[in-house]
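Okay, so here's the structure we're looking at.
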Amino acid sequence: MSPFDSPQDKPFDAARGKPSTALGARADFDQLTVDDVSRHFGRRRALSHISFRADGGAILGLLGPNGAGKSTMLALVATLLRPTSGRIRYGERDAGAHGAALRAAIGVLGHDLFLYPELSARENLEFFAGLYGISDGRTAAARALETAGLADRGDDPVSSFSRGMRQRVALERALIHQPRLVLLDEPFTGLDDASTAALGLRLNGLRAGAAIIVLATHDLDLAEGLLDRAVFLRDGRMIHTADRPGALRAMYRDVMTRANVASGFSRTDG
Amino acid sequence: MPSWFTPLAALCALMFATAPILIAQAPYESTMGLVQKIFYVHLPSAWMFLLAAITCGIASLRYLFRGDPRQDRLAWAAAELAVLFGVLTLVTGPLWARKAWGVWWQWDVRLTSSLMGWMVAVAYLLLRRYGGPGSDKLAAGLALFGIVNVPFVYISVNYWRTIHPTTNVVPTLPTSFGVPLWFSAVTFLLLFVLLLRMRVRLEEQRARVDALYLSMDS
Amino acid sequence: MFAHIVWLVLRKDFTVEVRSLEIAYTTLFFAISCVLVFAFALVQEGRAPVGGAAGILWIAVAFAGTLALGRTFERERQAETLRALLLAPAARPAVYLGKLLGIVALLTAAEIVLVPLVALLFQASLLAHPVWLALILLTGTVGFAAVGTLFAAMLIRARSRDVLLPVLLYPITVPVIIAGVRATGVLLEPELDVGLLQVWLALLVCFDVVFVTLALWTFEPLMTE
């Protein structure tokens, strides 16, 4: 129970910021399995009976309107919340026993960006590189700025950035430790067309690098063509899944109409 | 309710009915007079207050590290009883003090420590009431800190009072009252157990209603 | 590695604060306002009551400390950066310790201004024994901030946290306030009672040790939902 003996604080390979796998510093897995997971807040059913699998080298989209439970699902997978019932497995592991090792393998882009507005982009990136145990944080931060296309603005405070620029820094912050599992909450918010295209390229690059990517969005047009699997959520329930989905918008409309009809019937049934 | 509840409740009621007779017949304390009788209520309340606080602290510790909701319900029930018996203690204390010390409130170490402990119990309930979702864990943390804090409060208030030059000579509290006091204490203990059981049961029922509500499929 | 995380968090808080100086200025000015309010309430015919300076100093520290704690964690809440800290594989107790040291540094800075001000306004010989005073202030501030940092951190996801923080914090930190005020009061006496000072300091040190340990131990379970 002592706070000091959790298995974190293992050194990372300096040059690339990758974990030194020889030490087994962080959990490695190539599959995320969500098995009949429910989460309640008091009497509010945020999620009920969700099951899906996300594989390495694939992008899974959590789609649905606001309040469907997408963010809660991401928080559960990120180990920030514990499920009320059901299991989330990372490869063969459960979240409980491998807290820090698991967190070292997860990168999260939150809806609230997780950046200190008073600090410059570079300082933000270096700070988080340090927290993730990357010994050469400076190089990692410089490379991340390069990738974000903000190498020349790196020393300006984040508060002076536009929403799109912040979003790009936040994404690189989430990816600075080259996570195995990437969780993105509405990553397209505030991005212009060029940035959206760049984000698409970045995600494809991660997919090619065999990362497991879970992306929550309500923006179907931007997710179009990017997803390998789509999970549709509504009112905390899974109403449809599709592999290699095309024509998302039509599918979404269809799925939501059917869900409306279904819930309408059950309501008249009592 | 468990099978022991009703007989025990009857016994407790009977004892509460008998207690005044015993207290009235207890030896009359000459210097303090009638007001001394308040101790048959004051001391048992103070003991139950302490018992409730300790119960709340231990249950909170177990809830914090094991996450068992039963411990959480127990801690909540105990915190409410701590506030209840704390009020009894804090009201009866000054009533006696008015007669013994000539003032309503004396910054006596036991009275002051009780007041601080009672404040923590009230803070616990405020946190649970207004803290929103997740406040159960936070309240458990507060209860744990509150229990660990008890010796510090006691020692600091004690030094503050005794070293302070203007301390009055406080008459030591008489500690032996014989049978009526123990009778009274057992009566209060029964009341404590019954109330705790009832309060925990209420939370259990609430949890069950919530579970049933959540298990309905739409 | 543990120490490195503590250092990173502390340096980050320091950099953020130096950029804006918001918390430093508001805390300090609030503390000075407290001193003045108490001066108007207590000073009669140009003289403060005996030992009043000690009490006013600690009230100002406690009030300003509460404000600083609330603001510091409000800042971590704005872009949900506390979540990001908890998501990192870094040891969570190290995050707590980093925040604690930041708060202690901030309050120490405020005290450096407050002490001469209180001494001046109340004609109190606070600076007669600077080493003793520094020891009392440091141990007292650490004790207050140890409990305060944990409570402010855990209240970050509670409703009505602004008002709940002092409601939870003051009853628990009563021993610190009593010991701090009394020990400072001893310094104001014409003859220094070293034995008594040692008693109060011992109490403060014990409080610090017990509550810092307890906070490090409970930070992890308190911060996970």
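Note that the chains are named A, B and C in the order they appear, and that numbering of residues resets to 1 at the start of each chain.
Definition applied: a residue touches a chain if its C-beta (ideal position, glycine included) is under 8 Å from a C-beta of that chain, and two chains touch if they have at least 3 such contacts.
Computed from a predicted model, the values in this text were never measured in an experiment.
**Q** Just how many steps, at minimum, does a route from chain A to chain C need if it may pass only between touching chains?
**A** 1
**Q** When A-B is set beside B-C, which has more C-beta pairs in contact?
**A** Taking the two pairs in turn, the one with more contacts turns out to be B-C.
**Q** Select the chain at the greatest separation from chain A, using centres from the mean of Cα atoms.
**A** Farthest chain from chain A, going by C-alpha centroids: B.
**Q** With chain centres defined as C-alpha means, what is the inter-centre distance between chain A and chain C in Å?
**A** It comes to 38 Å between the two C-alpha centres.
**Q** Cα centroid separation between chain A and chain B, in whole Å?
**A** It comes to 48 Å between the two C-alpha centres.
**Q** Provide the C-alpha centroid distance between chain B and chain C, rounded to the nearest whole angstrom.
**A** Going by mean C-alpha positions, chain B sits 31 Å from chain C.
**Q** Two or more other chains in contact with one residue: find those residues in chain A.
**A** 1
**Q** Indicate the residues of chain B shared as contacts by at least two other chains.
**A** Where chain B meets two or more other chains at a single residue, that happens at 65.
**Q** Can you pull out the residues of chain C that are in contact with at least two other chains?
**A** Counting only residues that touch two or more other chains, chain C contributes 225.
**Q** Going by the contact rule at the top, pick out the chain C residues touching chain A in the complex.
**A** Counting only chain C, the residues touching chain A are 1-2, 4-5, 8, 12, 15-16, 19-20, 78-81, 83-93, 216-217, 219-220, 224-225.
**Q** Within the complex, which stretch of chain A touches chain B?
**A** Where chain A meets chain B, its residues are 1, 40-43, 45, 48, 263, 266-267.
**Q** Under the stated contact criterion, what part of chain B meets chain C in this complex?
**A** 64-65, 116, 119-120, 123, 126-127, 130-132, 134-135, 137-138, 141-142, 144-146, 148-149, 152-153, 155-157, 159-160, 163
**Q** Any idea which chain A residues touch chain C in the complex?
**A** Residue list for chain A touching chain C: 1-4, 6, 8-9, 26, 78-82, 100-101, 103-104, 106, 108, 110, 112-119, 123, 127-128, 130-133, 157, 173.
**Q** For chain B, which residues are in contact with chain A within the complex?
**A** The touching residues are 65, 133, 210, 213-214, 217-218.
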